[in-house]
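The following pair of complexes shares a single chain, chain A, combined with chain B in the former and chain C in the latter.
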Partner chain A sequence: MADENSLGAILRAQGVSRRGFLKFCGAMAALMALPPSMVPAIAAALGKAQRPSVIWLSFQECTGCTESLSRSHTPTLEALIFDAISLDYHHTLQAASGEAAEAARATAMKQFFGKYLLVVDGSIPLKDGGVYSTIAGMSNLDMLQEAAKGAAAIVAVGTCAAFGGIPHANPNPTGAVAVSDIIKNKPIINVSGCPPIPVVITGVLAHYLTFGTLPELDDLGRPKAFYGESIHDRCYRRPFYDQGKFAKTFDDEGARNGWCLFELGCKGPTTFNACATTKWNQGTSFPIESGHGCLGCSEPNFWDAGSFYQALSVPITPLGKAAAIAAAAGIAGGAAIAMHNRHVKAGAKSGHQTVTVNDLEKQPGEAR
Partner chain B sequence: MSDMDLLLWARGPGLQIALAIFIAGMLLKLFEIFSLGRKKDLSVPRPGNAAAGWKTVFSRSLPNRVLLKRTFPTYIMGYTFHIGFFVALLFFAPHIQLFRKTVGLGWPALPSQLVDGVSLLAIVALLLMLAYRLTHPVKRFLSTFDDYASWALTLAPLLSGYLAFHHLLLPYTLMLALHILSVELLLVFMPFTKLFHTVSLFISRWYNGDALGHRGARL
Partner chain C sequence: MSAAALLHEIAALLDSLDRMGQGGSVQLNGLPLLPGDYEALQEALGEGELSAELQALGPTQIRETALHGVWWLTHRNSAGEVVAESIEVTRCPDILQTPAEDVSESAQHLRERLLIACETGDRHG
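Showing the complex of A and B:
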């Protein structure tokens, strides 16, 4: 680890002890569900890793993702790892602005062509030629396509970049789409969440630096290590769900007793994320622990998935009108069938030949 | 279409369509049955059997001693399935939430482990019932496509619900969507298959009880 520019050297220069570094590697291994025997390999790989060039593009977003990732209270190892990557372009965090900023991006793209990591947060508007979001006079679509060409891999940070997110929500006025809707020929890792958990992005970067490969992804392109289990399955309030103990309002006895928030609209059962295990703000808590149901922010279309305050098992559209129309149609149809049957019955009745006693009288000479 | 899209469709337009077909179909069938009418029984009713129809509606839910002996497996599996199905339908917390939201009525839920066990029993009963139907020569002879379709339509929600609850086979979101869709399928076909017995059994029980009571049968 003699290399001045290696991650290990940089971390040491920033005062991170070997012990602290190994603890971080152990935590990363645990987070990524790797065996403890992998810790030395992670440490060795991370220690030797060159500062990878990272270009961060922010499109239609609220900067919440950047807030989330940069606000992990310094000095944490996550933050240092984050400092230790060569963040060559990030228009919120970089000192340069204007043409100098764009020049930095161009330089990094040229110098590290084929090797840099491209991080994207925010969705990309396609409607009306993409005029709804531009940077330095360049539409998001053009910038993404240009930057994606030389990227080794793309990390779509946040639900907007991963699935379209809030800009994509009905009626989607800007025609916003996800990164994966545009770029088809590069490996894409979706780190969804609104915002995503800081440690998840550092985990993905650590995995990439250690193995030079992308972590195992689920069917939505999210790293399985972090998005493999639902909030519901890892929720500390789960026993109350199983016992049928639910808070009915946000200030009733159930809420005060910390009972399950399912009836108040918690989307934990269909939301896959690591909130319940890694938690937020240095492991302080996560939304359900603070008394509010999960919104399902790491899932596609979470903004259009019905009310945040309606239970997952209830209809998302009103049924009264459809039911009333159906009832009217059913009654009308039934009446028509009834009329028809009555008609058939009456026809059968009038066509029925009655037989009198005389008809049955044996006529003389008639054979039996 | 992602799993979530499917779930949203199932919870939204899918449910609307299914419910509309269900309501229209049920009313249509009921109208048809009632409008057919029955010939008036002009004989003098025998005394002491005023409420024979209503009594029969309930009494036929209890086992008949002779039939119990002769078709024991049908009884045991029938009861197990029906009780299990209704416990799962009516006492699982998320289901109650659905009723509360749609019809405005709610009641306390049973612990989900209990509901889970009872649902499993219901599933096993259904599977055994199919095996019995296929192996019993008379039952097999009497069975039509309707019987097998009704069986499958009934098993689907129970099985998908069970798998969803335990996170088996498919991702939970997809399984939950399939569970809701299977219920919608059940709703759609309920008026047009033997599953219509959920309503018609009460009508026929009342009718039979009333007709028998009229003639003085001891019920």
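Showing the complex of A and C:
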């Protein structure tokens, strides 16, 4: 039988049957967006995996990310993952406090040096020596640098830790920065979102638990399994966008018919996250399904990207010209429009131009 | 994504199960189904003659649909919330079968109980 410290043994000791374990692995496969055919491999890997030490550091944050994760009054399968890991330090959740807590952190860091997983939420303020956020008299900057030394990998949970978030927004009075702005020599996974979807956080931990490696990341360091597609690409209201059916105001007839929220400021086309498929509150709904446009909260600088209620701005070059170039290169008009949408936010910051959705619709005579 | 597209996928898996003995499964929770698609799929597949409930980390419902070989699995946690849902095309879903190691363990367990009963003179085991 696998050794006592393995995940399999821990679950069996908690009274989880083999079928229960298989159910757990099936849910894990779903969390990691892996096909069901991988369940036997996951079961084999998890059965032998060692219980990793996890140190969670909360810096300049609102605690929303921890709340997103733990806001569950009854046990869920995702909560089991947290039982399965050895959460050696989490100053908000743990029972110990004060010197005992800091001692526990120091002990875990020493005992598992080079092997523990470091999870960070909140941004790190740099201004005035980092005095704007301290724990036990130690600046966040110093604590991060010290903890990063012995970490196997760092998971930056939430847009604050991943990109600076709200403290980083104009005028950034505390000099807040992301984890990746400070730590350059360790693998970092950015799990962005304000907050991130809980299963995305646990999915990343599950991946690390199962395979002992980092999942495939996009160019912003986010796991492709959850951030590989835009909200727009998976939105169930996409047929209305394609047909040009838009809500003009909240609660008009279009809104009540569930039409596209593009004109009401939805940032779905330029936002990458799992909200449209995985959804929130155990798959209940997500902002667009509830009638409000996407805020783009998993993207860098989303607080400074222009109004949440203004449609995505016009690009720097007029659509007609760019589409003609694209068509000449053999790309369908639809792709040209999509390409434009991806450059829209960069244009918004410098251009500050308003637009109507007609500017982004296809021109007469353009190939589809 | 619509119910019709899913039915085509299930048909392909059934063909594969029939000809090569290899089915497959479709995860329902990741799909961007339009409102009504889920119910349309349930109606299209119908309810079969066999239904089972597993109690492990919460209830899991395992039902064969009116189409033999097409099973609908709903995994819930102990609060009754759906944590995973899938359609499996197979002769018997993996989770329904008794794991081999469980069989070895029960065999050993029952032998031990009978041995103890024998020793203590208890005829009922």
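Here, the second predicted complex is superposed on the first by the 290 of 368 C-alpha atoms of A that agree within 3 Å, B and C clash if a C-alpha of one lies under 4 Å from a C-alpha of the other, contacts with A are read in each partner's own complex, and residues count from 1 in each chain.
The rule is simple: contacts are C-beta pairs under 8 Å (C-beta built on N, C-alpha and C of every residue); 3 or more make two chains touch, one makes a residue touch a chain.
Predicted model only: the values in this text are computed from it and were never measured.
In the superposed pair of complexes, A:K23 makes contact with chain C only, with no contact to chain B.
Contact with neither chain B nor chain C is seen for A:D128 once the two complexes are overlaid on the shared chain. Counting residues of chain A touched by each partner, chain B versus chain C, the larger count belongs to B.
Contact with neither chain B nor chain C is seen for A:D251 once the two complexes are overlaid on the shared chain.
Of the two partner chains, neither chain B nor chain C is touched by A:E67.
Once chain A of one complex is fitted onto chain A of the other, the partner contacts of A:T278 are limited to chain C, with no touch recorded for chain B. The part of chain C that touches chain A in the complex is made up of residues 24-25, 27, 29-35, 54, 56-58, 60, 75, 77-79, 81-84, 86, 88, 94-95, 99, 101-102. Note for the complex: chain A touches chain B at residues 219-220, 230, 233, 241-244, 246, 262-263, 269-270, 299-302, 304-306, 310-317, 319, 322-323, 325-327, 329-331, 333-335, 337-338, 341-342. Considering their complex, residues 2-5, 7-8, 11-13, 15-17, 19-32, 35-36, 93-95, 97-98, 101-102, 108-113, 167, 171-173, 176 of chain B touch chain A.
For chain A in complex with chain C, the residues that touch the partner chain are 16-20, 22-24, 26-27, 30, 33, 35-37, 39, 73-78, 80, 234-236, 276-278, 282-283.
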